[in-house]
Amino acid sequence: MMMPLLLAAPLIGAIVNGLILRPATAKRAGVIASIAALTSFASVMVQHFAPDAGPFEWTWFTVGELTVKWSFASDPLTWMMCAVVTGIGSLIHIYSIGYMSHEHNAYRYFAYLNFFLFNMLVLITSTSLLGMFVGWEGVGLCSYLLIGYWFEDINKAKAGMKAFIVNRIGDAGFLIGIFICYQLFKTLNFAEIAKLLDTQTFDVRMLNLAAFFLFIGAMGKSAQIPLYVWLPDAMAGPTPVSALIHAATMVTAGIYLICRMNGLFLVAQDTSLFIAIIGISTALLSALIATSQRDIKKVLAYSTVSQLGLMFLALGCGAYLAAIFHVMTHAFFKALLFLGSGSVIHACEGEQDIWKMGGLKKKLPSTFLTFTIGTIAIAGIPPLAGFFSKDMILYSALTAKSYGTTFWILGLLVSFLTAFYMVRVWALTFLGEYRGDKHPHESPATMLIPLYILAFGSIVAGFLGMPEGLHLLPNYLEAFLHPVLGPLVEGHGALSEERAMAVATVSAIIACSLGFYFYSKPERSETPGKILVPFKTVFENKFWVDELYGLVIVKPFDALCAFFAKFFDPNIIDGLVLLPSKAAQGMGSLLVLLQTGIVQTYLLFFVFGLLVLFMVLLKGVVL
Amino acid sequence: MSNFSSVYWTQFIAIALIGLGMVGFLIRRNAIVVLMSIELMLNGVNLLLIEAAHRSGSADGTMLVVFIITIAAGEVAVGLGILLNLYRIKHSSDTELYKELQG
Amino acid sequence: MDQFDFIVLAVKTLVILVLIIQVVPVMIYLERKIAALIQDRPGPNRVGPLGLLQPVADALKLLMKEDPVPSNVNKFLFQIAPFLAVMPACLSLAALPLGDFFEIGDRKYLLQIADLNVGLLYIFAIGSLGIYGTLFGGWASNNKFSLIGAMRSASQIVSYEIPLALGVTGAVMMYGTLSLREMVFKQSGLLLGVLPNWGVFYQPLGFLVFFVAAFAETNRLPFDLPETEAELVAGFHTEYGSMSFASFFMAEYMAMTTMSAVMTTVYFGGWQIPYLSDEALFSMIGSRNILALIQVAVFFTKVMVFMCIYVWVRWTLPRFRFDQLMKLSWGNLIPIGLINIVLTAIGLYFWDKR
Amino acid sequence: MTDGIFIAIGIFTLLCGSSVILCKSPVYSAFSLILSFFGLAGLYILLESPFIAVIQVLVYTGAIVVLFVYVVMLMNPNSSGAYRNWIFMIVSAFLAWAVSLYLLKALTLGVAPAVGGAHALSLKEVATLLFTKYLWPFEILSIFLVVMIVAVFALAKQSKETPNE
């Protein structure tokens, strides 16, 4: 019984907020939305202890021999994802009440947020690829609506559109993937597909192709190399939105898809390798860009992209458990960091440039405390969450079947850079003197409580998936997800697990100290910029990727449209339509020549007619 | 005087008159001459009728000629009236100047 | 038509032509004498006894004078016009019956050139050709006055042809034939014992219309507009020299003679002597030819009487204005003519004399 | 012998006819028209219908051509540019010739045998025919003539109104 409640609660919240109680104030709308989110979180908890019987489903439509059903079920993987989504979702709803208090029509924001939650849950809980695709599209729509929430500002509206279009490109690939899957397995249900993969053998090339197209869908949604450009621009939306959608939930949909279809990806080795390569290169690229960003939210956005790159590295190497574990931990500390930056921005009345902040330690003590915990977690310092999940990924990369060591080294470099730029942001915002002209003040309680809860989460989350090697705690997560994701593959890499952990920890500590050394004192904060001068401009301009896309794709496309609009349509199509009328006019003007107006020409025609008449009448007679 | 060796001659002359009249009103530019050539054609027709009446002995041909002559008189009267009006407007009787009614 | 008949016909034509042409000098003389008489002056008496040689002098003068042809004139038509004027006048004599007939050997020959059964119609047809002489003459001489003169005379002659024809139609209905010869025979005998059986007593109205129209046809005085000295100098024959002018003059007089002859034939019994029928006369004289001569003499006296009336009218009545002229023809004469035809029709219906 | 005269007069008429259409100045065309009508009158007489001959002379030559000459005198047109351009002349000449040829052939097809013995039509017979067999055409013709007169008056009035600019 819990499943329908899980889905219905956010939907009802969205409808109530959006359509019925429209002129509500921000507080009232926020409370309703949060209640809806909390009920769905509660139903997830209850679901764990009293699971439903079978999948909750009813038929949607039947075409030919394919009957598509709305069916929602819960298995350990779905449960875990629902827990993360609804948990962090409700925390962010509570946080938004405070954050959106001065907005005059916030009911629209809360309606979209609830609707987003509903779509995310549909995506996670549906048992068929098509159901997932519906959720997938709904989530894309909500992210567009929320990014473009302040649509009066043309740039924010453009950012919304950009996100939507790039996602759509990914979704197109996902759709093609679904078609190929249907072509191969004649069914879209995950369980049946998994069973078929075990029993029957399919053409490997087709499997690779299906996996490749599904991965394109994942790339679009989880912002990997070619389609990541929308995530940094998505920061145009309100900060809680960035926190919820672009840190915790939506971006992880791609990873959830691949974990759900792990059977297929295990067989399609070439695609998995491809995923790994794409993952690590995205991670490296965005980490480098993050080091030189001025806007606090842009830094966090690029760090999200690089963490996602690491997750995809894990998926590429077959470590689905590591990826999911990192998804969970990353959700906690990244949401924490985003909400922290949100309260900083809230305090500095919308100022986002870290070079205009500083010395906020004294003015925002609790935000400072939680932000520091988040930074330590993401840097990967033990015993916090980031260390365990990142280490599991690095170890799995190390023990991967091909190129293991190179992946591990690059992974190490990425985590080093992550630590460095996070400490840079932390130092520039909180240490030193205040460089801005605003007068910041501490955020209200509703914003701080979620920060503390998330801080506690990012400390504890790590202990759920501790590797056996440390003999401290059993790996609960591995036991819990074993039936869905299959056994943890024991590979042998260049180093043993403990030694790999040690190396990672040392590199993280060095990065933190380096970052602290440079950015704690204002006079020394310019030096890294001077050292890396040639690279700095490259990083700042985001490797000119946006400009490249504009040049390569947008401009020729515009040219093509212009060609059709200006030349092809008016001349060819209109020309054809007008042809008969012009022909008639031409004919008319010809006949006019006959009418000279002079009587004698008419007489001539008359006599000629007479002659013809005679000829006809006297045909037989020979003159 | 009653009958000729061949009827051929009168018909030849009559048709020649008709032909001349036809050429006349096609060639000449002067409207009066056009009317005259029409009269010429009518006379050609009269000659044919008289010749037929003479040959067949019936009076119908003669009566028809009388009617044709009266009608021709009326026609010339009106034709010349129109011509005079045209002349008053155009100051010339050249048919090629009366071409306002063209396409 | 054997050889001899042909010769007789030729001689007859010549004689009649000469006779009619001789009328012209006589008329010139008579005209001057009567004019003088009316104006109470002696008239021409210098040339020859009692001025009798005056016409010869005039004729000689006209022959001797130079016949100039102006430069900017339409040469061909200018020279043709006089002949066109004279030609119809002569042609119309062909149908006039001067007398009954004469005999040479055992064959009888009619005292007229050709007895057409459409005689009267023929005379009118040829008469209507007279217009061309004036038209071409006036137009060819290329000056405004003669052109206007020609225009006036043409329209006058055309518009008086109709009353002329209507007048005669009454008589034709009565006689039932167009041949002049039969008309004359029909007028023999007595009417009511007292009056000679002439057309005029049956057709007084018809005669009146015809009489007035005759004046207009020949451009004689009351209808003298084409040659009015005041406005048009000499009208259509202004430019013409001696002989051409003489021919126009001759044409006018011959037209007068023809009209008088037609009037005598149709209304005054032609060569009939009032109370003497031909047979009675023949019984008295005995020879057919002498009778023919007498008939011709009677015919000519009647014609001369009419000619004198022409001249008499000319010197007494003033000239019409052009619109009066037109009004007279279309307004008065034609209606009277139509009435006359209706009356004759009624008369014939009741007293079908024939 | 009469054939000879007939052909002579015929040729004379045709000559005058062709001079009607060929003379440059309309006055000479009118003059040759008169001569051709005389020729025709002669032909009618030879075809033993003097009544028609006299009517022809009286009506056609006496009235219609007078109208023509009258109008020619009023207009005194210059004789420049009498004919259309060359192509027209050749084309119309050919067309007229061809049509006449066909007419001739059509007429000679239906030649009725010469019955002969035709008597010259006297005025009495014409009159009786006019009022018996052809009464209706006669009446209609009278109406036609009245209409003609009204038309000519209208045209004359119209020409008076238009200011001769």
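Labels for the chains are A, B, C and D, by order of writing; each one numbers its residues from 1.
By our rule, a contact is a pair of C-beta atoms (placed from the backbone, for glycine too) under 8 Å apart; a residue touches a chain by one contact, two chains touch by 3 or more.
Quick caveat, the model's predicted, so the values are computed rather than measured.
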Show me the overlap between the contact partners of chain A and those of chain C.
D
What chain sits nearest the middle when you go by CA atom centres?
B
Based only on mean CA positions, could you tell me how far chain A sits from chain B in angstrom?
101
On a C-alpha centroid basis, what's the spacing between chain A and chain D, in Å?
106
Chain C-chain D separation of Cα centroids, rounded to whole Å
29
Between the Cα centroids of chain B and chain D the separation in whole angstrom comes to 5
Among all residues of chain A, those touching at least two other chains are 600, 604, 607
Chain B residues counted as touching two or more neighbouring chains:
22, 26, 29, 96
In chain D, residues with contacts to at least two other chains:
51, 55, 63, 70, 84, 88, 92, 95-96, 99, 103
Pairwise, the chains that touch are A-B, A-D, B-D, C-D
Under the definition above, what is the set of chain D residues touching chain C in their complex?
27-28, 31, 34, 50-51, 54-55, 57-58, 61-63, 66, 69-70, 73, 76, 120, 122-124
What residues of chain B sit close enough to touch chain D in their complex?
1-5, 7-13, 15-24, 26-30, 32-33, 35-37, 39-40, 43, 46-48, 50-57, 59, 62-63, 65-67, 69-74, 76-78, 80-85, 87-89, 92-94, 96
What part of chain C is in contact with chain D in the complex they form?
74, 76-77, 80, 116-118, 121-122, 124-126, 128-129, 131-132, 135-136, 138-139, 147, 150-151, 154, 158, 161, 176-178
Where on chain A is chain B touching in the complex?
591-600, 603-604, 607
Interface with chain A, chain D side, in the complex: residues 84, 88, 91-92, 95-96, 98-99, 101-103, 105-106, 109
